[in-house]
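By written order: A, B and C. Residues from 1 in each chain.
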């Protein structure tokens, strides 16, 4: 006996449809409620406070709407300096990380599986160590009577102790050290995914190892590098601790200035406005990145 | 409650029939299932056969309770189950990937459904042993899953699916991960298992040979609709439409013309003995390549339809040989021969003139879709 | 063929040709690791000033640390916070990751992005925002307040780790379990959870460390008797370089190292099973 599905009467088409739909909705809500507590906490800690700050940035001392906090940022030179410094530090740190991090990631990616775990520890260990501890360590290493200065003088690189800390140099060194894992890890992930067959094909087609690297491997590793660079850049924008300690008061980043405004003037309006600008800059950078590069695949892809 | 049949093996006391009505599932604007009606008899082995994306897996998952259709009714005998969650439906299921639990041993895997049903540890052990014996894996209960071969894992997945005596068994392309020889052996074994257990089995595959080998009936499905539901022989010999004719077995389709009295013709050869109704888009002749043979000398045109032509190509393929014969007006017929010397067809050479015959009882006609 | 001239890869690049890479990588790795470990010998220095290498060895800074009620209280506070954050963030993050992974709703992507925001919003902003908001409701300088704040920072990490684990896990097993008679809940606990447990443990440790090492929010929101270890250390670093910090840092480095090695050991065990 042949049974044929097809355009039956309207009744047949809708058997149990309402009940099924109700069940589906109920199931989805039950599942979603599992994410509820997390959502609640994030609303309490992120959305409400940041929203409040956003509101505050438009309010002056008397509670009236105002744009003076934002206007101050354009007028006062101190703000301009802060933005420039922040941008400078972030950009330089990112570049340093790329220059140092790419060879390291490449080396790690080349290792056979047995060894990669051990050498990875070199990257993961600083990652897991407290940021404060690492900053402190650099403070010690870079000071006038510190090991680096002693070493440099000892082998004749320089005669008298040079100022390696409480300035931009020290800050950059410290930031690069802290940010390096954030670049190396995604880059390593991307490199590992590069199909070895492509390199074989390249060499088979006549490319020397150097050529094959620049024309095949490097472009394929770029998405990972871009992902890592963006993470580093964005993290640097909002960084507080390391510039505060290693900069010695000479490297004023946005985060430092926000803290200073609150500590000295208790001016929530100005501090909030500056924070909002920082958030805005972060979001813009990430958005542009997500648009032009497949950021979420690079970050959350199959490991 | 189980009882034993004559040779002592366990037979499920009452397998359940499945009645599907108006089953519809949409993904956006696409109908994965378009108001499907299907009745599966108690204890039968029914295969859902179709290409990828035809909806066969969607249908199976709907029966299991893993997707929620947009409308329709699924009844196991008299009980409506479409609103029931999967864990209450009491069906055994074997997935394509076996989905064995890697953190449990073979025995623990098989015992899992029994434990959920509160079976005592003692009886658990007994039933697990019995299941292992049925799938010929006795003594492997303590092994870890990763210590088994693909075929063995397959059988553990099976044992786990029937150990709790479900009255319906569902299988989603369980053999597709196995190599050809093993697969063919497992097909026979599954058939025997089905006969032993007597449980209603719904089997999904895209391999028509597998479907023809194993099934009591085949439901051919395409684009969310059933194209034909019938026994393997009926589907092969009497396909109801072009899709089935094309999907099952090899076929050459030739367009036919119908005269006023209702007889069908291919050019000037009369094809049908009886008059047929007019079909909206006309009729086609479906020729199975293995039904064609080389005509020696004169043939009785009351028994045989004869095509004269020239051999275009001839290929030896092991147990069969294949030839392409060009007949009038640029049509080519595929012909398949057995290659035993007793088959007596010899070998055809390109350029040779031949007469190809089709017994009238092997004529298959189908209405055209467009 | 010596090691130098033997091929390092299938494209016949030799180790010799790559040697510069090995040297560079070695230097970088040393530079990464040394600053982390340098605090250890420093903490045994006798001198009041930051000195490396130490001229005299002593454990006075450890005595100072363990003997100081201020430092001890801060340590206890940080440990408390770490454990509480771990206990709260791990189940919450796992539930959220599971729900969003399994759900078919279109909204899941949006919600996932919302739940990742703590990683995107600059921490300084979160810190002052929370400081302000908590100030309004009196949650500043309190343990519950800090726990909530730290949990918000840790859950995204848990979600990322668990989501990655779920991706490489065959969710069909849960389906099978359900077809065999288990409810969703039972299937999760008996089948899925045992198989992702290494990721759960890793994310728990990550949550602990996130809270324990957290500086900026703690600076603003903790204080007084509830000041965290990190806050006290930061103040000490800014005001006067107290060598006790070296001792504390050593302990923190050891804790981090042990936890990291633990996750690596767990991870490799997980791959073997």
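Keep in mind that, in the parts below, contacts are C-beta pairs under 8 Å (C-beta built on N, C-alpha and C of every residue); 3 or more make two chains touch, one makes a residue touch a chain.
Treat the numbers as computed from the prediction; the structure is a model and nothing was measured.
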item: Chains in simultaneous contact with chain B and chain C; value: A
item: A-B against A-C, pair bridged by the larger set of C-beta contacts; value: A-C
item: Intercentroid distance (Cα basis), chain B paired with chain A, Å; value: 54
item: Whole-Å gap between the CA centroids of chain A and chain C; value: 16
item: Junction residues of chain C, two or more chains touched; value: none
item: Complex contacts: residues of chain C adjacent to chain A; value: 8-13, 17, 21-22, 24-25, 28-29, 31-33, 35-36, 38-39, 42, 49-53, 92-93, 95-96, 98-100, 102-105, 107, 111, 114-115, 117-118, 120-126, 128-130, 132-133, 148-149, 151-153, 155, 159-160, 163-164, 167-168, 209, 212-213, 215-216, 230, 233-234, 237-238, 241, 245-246, 249, 252-253, 256-257, 259-260, 264, 268
item: Residues on chain B engaged by chain A in the complex (per definition of touch); value: 21-24, 33-39, 68-73, 82-83, 219, 224-226, 228-230, 240
item: Residues of chain A touching chain C in the complex; value: 28, 31-35, 37-39, 41-42, 44-50, 52-53, 56, 100, 103-104, 106-108, 110, 117, 119, 121-126, 128-141, 143, 145-147, 177, 180, 196, 199-200, 203, 209, 212, 234, 237-238, 240-241, 244-245, 254-255, 258-259, 262, 268, 271-272, 275-276, 278-279, 282-283, 286, 300, 302-303
item: Contact set on chain B toward chain C in their complex; value: 64-66, 85-87, 89-93, 95, 97, 99-103, 112-113, 116-117, 160-161, 164, 170
item: Partner chain B, residues of chain C touching it in the complex; value: 170, 172-173, 175-183, 186-187, 191, 194-195, 273
